[in-house]
Amino acid sequence: MSEIKNSNTPANPQDIKKIALLTSGGDAPGMNAAIRAIVRSAIYYNLKVVGVKNGFSGLINNDFIEMKSHSVSKIISRGGTILKSSRCPEFKMQQGRERAFNNMKAAGIDALIVNGGDGSFRGADLLYKEFGIPVIGIPCTIDNDIYGTDFTIGFDSAINTVIRAVDNIRDTAESHNILFFVEVMGRHSGFIALNSSIASGAEATLLPEIQTDIDQLCHFMEMERRKNKTSGIVIVAEGDEEGGAAEIAQKVKQRLPNYETRVTTLGHIQRGGSPSCNDRVLASLLGHAAVKGLLEGKTGLMAGQVNREIVFTPLEEAYTKRDKIDKNWIEISKIISM
Amino acid sequence: MSEIKNSNTPANPQDIKKIALLTSGGDAPGMNAAIRAIVRSAIYYNLKVVGVKNGFSGLINNDFIEMKSHSVSKIISRGGTILKSSRCPEFKMQQGRERAFNNMKAAGIDALIVNGGDGSFRGADLLYKEFGIPVIGIPCTIDNDIYGTDFTIGFDSAINTVIRAVDNIRDTAESHNILFFVEVMGRHSGFIALNSSIASGAEATLLPEIQTDIDQLCHFMEMERRKNKTSGIVIVAEGDEEGGAAEIAQKVKQRLPNYETRVTTLGHIQRGGSPSCNDRVLASLLGHAAVKGLLEGKTGLMAGQVNREIVFTPLEEAYTKRDKIDKNWIEISKIISM
Amino acid sequence: MSEIKNSNTPANPQDIKKIALLTSGGDAPGMNAAIRAIVRSAIYYNLKVVGVKNGFSGLINNDFIEMKSHSVSKIISRGGTILKSSRCPEFKMQQGRERAFNNMKAAGIDALIVNGGDGSFRGADLLYKEFGIPVIGIPCTIDNDIYGTDFTIGFDSAINTVIRAVDNIRDTAESHNILFFVEVMGRHSGFIALNSSIASGAEATLLPEIQTDIDQLCHFMEMERRKNKTSGIVIVAEGDEEGGAAEIAQKVKQRLPNYETRVTTLGHIQRGGSPSCNDRVLASLLGHAAVKGLLEGKTGLMAGQVNREIVFTPLEEAYTKRDKIDKNWIEISKIISM
Amino acid sequence: MSEIKNSNTPANPQDIKKIALLTSGGDAPGMNAAIRAIVRSAIYYNLKVVGVKNGFSGLINNDFIEMKSHSVSKIISRGGTILKSSRCPEFKMQQGRERAFNNMKAAGIDALIVNGGDGSFRGADLLYKEFGIPVIGIPCTIDNDIYGTDFTIGFDSAINTVIRAVDNIRDTAESHNILFFVEVMGRHSGFIALNSSIASGAEATLLPEIQTDIDQLCHFMEMERRKNKTSGIVIVAEGDEEGGAAEIAQKVKQRLPNYETRVTTLGHIQRGGSPSCNDRVLASLLGHAAVKGLLEGKTGLMAGQVNREIVFTPLEEAYTKRDKIDKNWIEISKIISM
């Protein structure tokens, strides 16, 4: 199997008659649009398609359903994933993956498309490398933290959900002269926080990528107050090294006792909802590209979009490298929120 | 002053030439629509109108601005309150209210309209009873906990915000087979929780008005699971006597360790946002009614809507009595969420 | 059959073991919530439930499907109707209804719940009167033009859709100093127009219930212009006797050639979309009430909500009488949009 | 002046002390975010800023207002443009532009930023070429038809508005088995139509860039019907050479008389509304870049974003060249809507 490990050796594309697809990791708006695109494209190219329920655990538990064109009717506008998702510790062990592979073989499945984030790609990559089965990944996560694509599916919907929520919160902030700390998702990366912060005109943004300095933040707030700006929004990325919004709000309150502060953790509303136009389009393009890629012999790769072109990146790069936030944006964000 | 205390003696309506208005307490979507209706109606009836900033503290601090027709242009669709709101401990003391009254007299203000909730009406009522100045209240709170009106301004917007959020959360709940505990606002009353629970098809609802039985809740969840209903939403009113969503989730988790649970506290997104059609209409009608009421000699009253008619209720009743939730709804909610 | 015609003779409720339900007429947001409530309530009360596809034509064509609890999972938040709707000219003839009745008997259906508007109730009433089969109607139409209920299911969603659209249009109206004529639905009644007009702060409203005077409208617009109000929104009910928005805009343009005018007909976006909280709650309550009503021997009636109570009204009254708009609202609308 | 005409000769950047900005052409969501970014950035770089009302006609009529940091508070989330926009035939004549230039000089304005589309850039370019005044353009139009930027400001908001509307319409289409023709904006280009069509799963898309074949469309519809797909959405770009949605629907109806068809023209709702996150971010980045560009001596250029980098393109290229739709997308759209 070593030759498989060392290269993206294509399978013989004409051997592919039946493919499977699954969704794994945290759900993201647009997953259903990707499922639809994969199923419809596969049928168009005369492939059979099998949906795997509950992510990798469906592979292990033989939880397969045949997908027809109408199985994916009307799902493009829906959040979540009709195939469901779950954690699967068993798949992290070689013997779990072997069982998955054997189930796939028994079901006549020739290739697999995995919709998920970095953890899912890690599993998908192992499956490919250990058993040589053609695998393609599609980046689905609201966090936008996958290398090899300008945007992940779900990110655009999430940032729009965040700014609508922050627009709501600003109504109260201004009406009551309150300093709000709003915690947003994003795991170890600040994409959601930075984009939504610029777009909602937040007064400050705390990101995992930037050392948070509470004193400086307090100093800035005092300066704002002198300019009669008496309310404010601080966006806190959940991965910030100084703690979550609640902890940071407390530290600020200790230094600025005259401020009235509030904390809101947006939570899981960020993962759901009808996907945005961009997420639906991106999911449609990548879903189609993944199927076509398999038929062209591609494997061990993630289908992404870079500079508006479809680009395939080795899964291993996708989950080991990281997209970086543009630090100029932080500077610009400060300039225009003053 | 005793005769004033004991009756709703009307002022001489033709003496009213200039009125003031303020917003007080927690902000609610529709407050701006009420401000607009009051200002425009007052101008239509040839009154001068003064906006008081920051609730009752604006009365104490002489924070007055003249309102023109164009001062309220384009605000009907906006959340929050352009007059701002704040707590005012000073107004709870008789000497604070005296100062407020003197400021109003000095500014030539003949009557006051107070937009707020029960705390605000308490203050407004004291001002009226102690100093005889004509005062009318308009019920503005998302909590819907005011006696004398079928709905308070802001409630309809809040429940729509809640169900959109719960619709989002349901995407994740279903995709991951998670039991979500969603905490909603409402202080001591369960209106927001009950309405949004029915409308979002929540599997269970915990209300301050009903004794919460964690064992029964767990039993119900187990029954659901046997029917293969593997995800769920439990709406928890913030005033529930068993604690907030986090505490209750923890208690459930102890009894049902196999369940995957999550907690989301919707927080201040519920207070903001562009008001719903009903809230804008209600605010428009009550704002107009309050001005007209003052000109008809009404005082010490709250303008509400009962059975689609404008009804005036003594402020004291409005803040001492309570609207009750309809317990049949709880039963129906259970029947149709099964 | 004459005794049936002359009274609301109850069927023997204990004979009812299986009920059918259908949706008919124009679709309305909340129909799915009503379907869900009916199905779940029926199952709760140990009835079998049959869904009829495509309205009355499904009765004629034997287009029946058994409904289970899970058949209505997740539909509460969706617009449209999973049972579909259609026109059925055949049902307008006695022989069509006879065929429908025979099909129902053959399928063992003991009673019928009809979700629709006045035309649907007319058909339902004939079925009941001619064949004595227990029938209950639930008012579903965005037009709010049904007697016997304060609000019809779908109305609240529609007016919210309208005001969001008008809020959008106002952005352009103000940016370009344009006078917009926005045509909204409502057939012969002005409920949608009047409610959305107040809520969007429209400068004028043209309703079927009020004689439209184009000269007066133009005079009013000129007065507004003198006050430097250079843009505006005129809401035109589709049933206005002076014609649709396009025709009226043309007439205004002839008299006021210096005005820049635009016309937007909102069209079918008003019928769709995720239902509002109120519509979901109302549909849940009425769906449950209809089932319970059948079991209590009610028939030939519509389940409505009046002053927050469930009220049953003879179907014949529901489709012959008319709810009236409150003409005070028109006056208030003018006062506060100045 | 010939040397100015032939090159993008930079002005001496240190001479720039006061800049003006205007919005021109059709309004687009995000224009206010651009205004905010320009004003705040200019103040940050120690420039004075003048807002010009009503587009180029404000230059001719001396309609200037000084902009402060607080002048642009809270506008980032609002559609339309606080500076308003208008057509200006006078500016198309050299003598109109001369008057504009003289007014600018008299007001001490050293440079101009123009937010608009191709017509606006044409005017801006002439002003720069004739009078040598530094000018930078920012692409604001929902149509996305400007060369030199991946996306124009407003496009992302518009396509999201379109898909929400089409999602609504789909509810009715499916409930009634109707074939809907939905006309969307975009002038001569099909970006809005194509993106929203993919994202809403439309059954067919008619674009100005592709020869529309009514017979083929009817053939396709018949094929769909054979697969029991009985409802459908056809997105029609307003610039389609076969006519608008109404005309095309009529032609289809003649060939397929058994189809029930409906037409909806989305109209001006597409131009308004709170901008999407992407539009707010793009407007913020380009607004900042335009100011910085002026200070670096750039002129006669448009600030755009290409492959996530700020790129300056000669205005003349921006309004003469055209971005092309990606024809692969049309193919993919067909594959996945089957």
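Going in written order, the chains are labelled A, B, C and D, and every chain counts its residues from 1.
Here, contacts are C-beta pairs under 8 Å (C-beta built on N, C-alpha and C of every residue); 3 or more make two chains touch, one makes a residue touch a chain.
Predicted model, so just to flag it, every value in this text is computed and none were measured.
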| item | value |
| --- | --- |
| Interchain contact steps from chain A to chain C (minimum; 1 if touching) | 2 |
| Shortest walk length in steps over touching chains, chain A through to chain D | 1 |
| Centroid-based (C-alpha) most distant chain relative to chain C | A |
| CA centroid of chain B to CA centroid of chain D, Å | 41 |
| Between chain C and chain D, centroid-to-centroid distance (C-alpha), Å | 37 |
| Separation of mean Cα positions, chain C and chain B [Å, integer] | 29 |
| Shared-contact residues (touching 2 or more other chains) in chain D | 164, 167, 170, 174 |
| Listing of all chain pairs that touch each other, if any do | A-B, A-D, B-C, C-D |
| Contact set on chain D toward chain C in their complex | 23, 26-27, 29, 31, 78-81, 84-86, 161, 164-165, 167-172, 174-177, 180, 262-273 |
| Residues of chain A touching chain D in the complex | 33, 36-37, 40-41, 43-44, 69, 74, 76-77, 150, 156, 159-160, 162-164, 167, 170, 174, 195-196, 198-201, 227, 274, 276-278, 280-281, 284-285, 287-288, 307-308, 326, 329, 332-333, 335-338 |
